[in-house]
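All chains are identified by letter, namely A, B, C and D, in their written order; residue positions are counted from 1 within each chain.
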């Protein structure tokens, strides 16, 4: 199955979609393909929106964003995210804003089939005043009040991983963020992978997503670039640094998206285009 | 540090103590040493009491038991546990009884610094009528009622693991039950290990207990026997089958404990004694 | 080939499983049935043991729920909190397989105590995973020998919920799965009647009679209008089961030498 | 050796850490300070990055909080839910290291928005791990350059709690750690005054004056009675820091060739 087919089949306008990956294994190729397919009104969910959501938001795919830290890691702002919040460009964006601990608890609740997550969180923080979804419960034993977050249950979770086997089991390692919880919380799971093998070795206590929770697997080498896939390629930090200048200006951003993403038929073509631009 | 010194220093009469290990890596050597030291009034915590708690209860170490399944796996009853419940022999035993899911949630809450765990559990089950510690909360979003269990916070958690390094980091693999949660929930952690090495390889996503949560490590080969240590030795199923006959009778049980545990100065001596008995 | 009632029961249980089902496996009879199914008609059955091993493919039946072979032959192993929260509670299990000491006409089970809970005549092992397996698996299968002491009018203790009081009461109590859709005994198979949800005899084993069945139950057993007779075990089923049980018994009774040499590494 | 105010700030921050401390590390200045400490006087400092890497020992500073080197040089890696629940929330972190865009006199921090939350003048990245780091670490260290726009009379948004309104209000709101015990700026170090918990200038860097410090704060800065002058960076501190930053900058700016050959494996 091609990435294009998988996303056209499983992701629809208006869906709640989580493309997870904490700095590592971010499913960029899938995000780019959603941009090419012109998806609209998405409720995007990600702890760290990163460049992929900056691009999707700037291209008008998103209606709502659930997140906990919206910056360019180590660089500064996500200018397209800022432009959406500060100036409603290209249109307004609803925010459902949390802390990392809150989102981790919300994904865990979703993965566990619970309607809410409990944490000692948000104490002394103004977020609960602006986000009515952050509530509280009273401990039936101690009487303490603890913060709650509603479970996250994405319509679709999209991940990138290192390897899948013929049966559709997916193995990932390294920094794994809340990916496993995001997958187990979702109604539909799509995974792009660096590599396909006939069968995985017994994994013992390592991280595997079993074939019966994964709806589609697409072989997509470099599918996490410019983030990285541990054991396959490093993070392209230079791209992240350079994104600041590209994204700061609306026209420059639109031109970059046109020249690199929209003009490419698929991920492989885009990678070649980026390589030519870099060599120039 | 010897096992005897570590336990004498950290475990006191009246403590709440969890010797965890779900069938695998059960810290038998430590339990035997607690019996030799004559510990009394312990609040014992374990999902599956197994033979080690059958022995400790039969020898009068326990005042209270928090547990979720008290059988001899694949064989039948724990006769010493039954005798304590049915006939208060050697004395009465308070029960704090749960399901596996409830205890897993209680350990997880303890490890997470939360005062209670939430689960969809105990529906249609009579346990909550007999255990007032099983309570409920209302979901602040959906209005559903969910079961709660108070967090488990043992004074001391005792584990057996495959290997520790010079710094005191502990690595375990295979079936890991709720061991990590039981350790992270405890005030004091004692670990017996099959093997000591200078340094562990980078573990990536495998299971490690870091040196700064572990209070004492004791090198104790065969410390899980007659349960097992994956990669070192198999479960001694014949011992488990044979325990049924040994434990069924009070006098036979006491004689076995005297001949094998109490008469041995330490674990190594006990293992040699068992080997001689088996050869006879 | 001749066969025992126990063999017929295990084979009948195995036949209930479809290739690809995700099963949460308890110890004893359920394990035998699941692995027999995997070794015969359902090679892609996914077995999850409550010890946290997922996609397990043991060559022999483990004595305990956590033998090393279950980890060695698993696709992967997760912790207890994860297997109960992320797999069972999250509704990712198709079939939960349960046994018990007592069952009532609505498939409610007792594995906790005979007699009073506080002063039991016989204390049983207890709940283990049963209450939440019974609640969350998309459906549960129960395997139990039938006799008037096990199939009772009223349970001494309800460890896990079946159809509770029947007539849809289960659904109002937050038990999300469809409950005990199949009860496999050594005489025949029971299934819930539409409406009342009372278990009724639906299939009977070759050679067994309805009278025998009625005598084995402690309540007035209902019999389905179209009672069917199940086919006898095939040669392949019997041979596979017997070979599995032979391998397992040898392994369980094997008095392995104690690896005392490991003690020499100690200071 | 001459040095910049930024270098002095990073070195002053590193000096606050004791060997063996367990630190929860954010990106940027905190990461530089923690790794400098590890490479100088505190080799057994335990660094936990919020990406879940524990016991990390990178050779160069990561650009992001989740670069591959953090996983490769870690003792082990856990998931995000685990690092926040089992380590931070459980109270197993000695020192939480924070930065922010704005701080007030009680060490409360803003990293969310300048202006109104709904209609911000400048939208900042947001909370990330900060609210719970600030609540649960046994103590927090804050590293921030001081100027009247960052050190403000009133925050536009309180992202994480310091001493809240001071005078013990923090303890009544469920923030379990001791709060911002040290604030390291580019002029000097602030610590909370007993009683009021208002931050006061406690140590000043060589060559800086109290007047300079007062001008850098948007509130009337209190100065401790026994104001001390911190020692200048040692040659070893400066050399180690500069080598670390040189290695890091080269790595961050390196335009690695795209591994396009990996695409060839695709059908």
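Assume a contact is a pair of C-beta atoms (placed from the backbone, for glycine too) under 8 Å apart; a residue touches a chain by one contact, two chains touch by 3 or more.
All values derive from a computational prediction rather than experimental measurement.
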Which chains sit in contact with both members of the pair chain A and chain B? C, D
Chain by chain, through touching neighbours only, how many steps does the shortest route from chain A to chain D take? 1
Could you tell me which pair, B-C or A-C, is linked by more C-beta pairs in contact? B-C
Could you put a whole-Å number on the gap between the CA centroids of chain B and chain D? 41
Quick one: report the Å distance separating chain B from chain C, using the average Cα coordinate of each chain. 26
In whole angstrom, what separates the CA-based centres of chain C and chain D? 55
Sequence positions of chain D contacting 2 or more other chains: 71-72, 77, 85, 89, 136
Residues of chain A engaged with two or more neighbouring chains: 113-114, 119-120, 144, 174, 176, 180-181, 204-207
Tell me, which pairs of chains are in touch? A-B, A-C, A-D, B-C, B-D
Residue set of chain B touching chain A in the complex reads 113-116, 118-120, 133, 135-142, 144, 146, 148, 150, 173-174, 176, 204-207
Under the stated contact criterion, what part of chain C meets chain A in this complex? 20, 22, 46, 54-55, 71-78, 85-86, 89-92, 136
Under the stated contact criterion, what part of chain A meets chain C in this complex? 111-114, 169, 180-181, 184, 200, 202-208, 210, 212-213
If you look only at chain D, which of its residues touch chain A in the complex? 27-28, 50-53, 62-68, 70-72, 77, 79-81, 84-85, 88-89, 108, 112, 117-118, 120-132, 134-136, 157-162, 164, 170, 173-176, 251-256, 258-260, 262-263, 265-267
Interfacial residue positions of chain B with respect to chain C in the complex: 22-24, 47-48, 67-71, 73-75, 77-78, 81-82, 85-86, 97-101, 104-105, 107-108, 119-127, 130, 144-145, 174-178, 180-181, 194-195, 219-222, 225, 228, 230, 232-238, 240-241, 268, 271-272, 274-275, 278
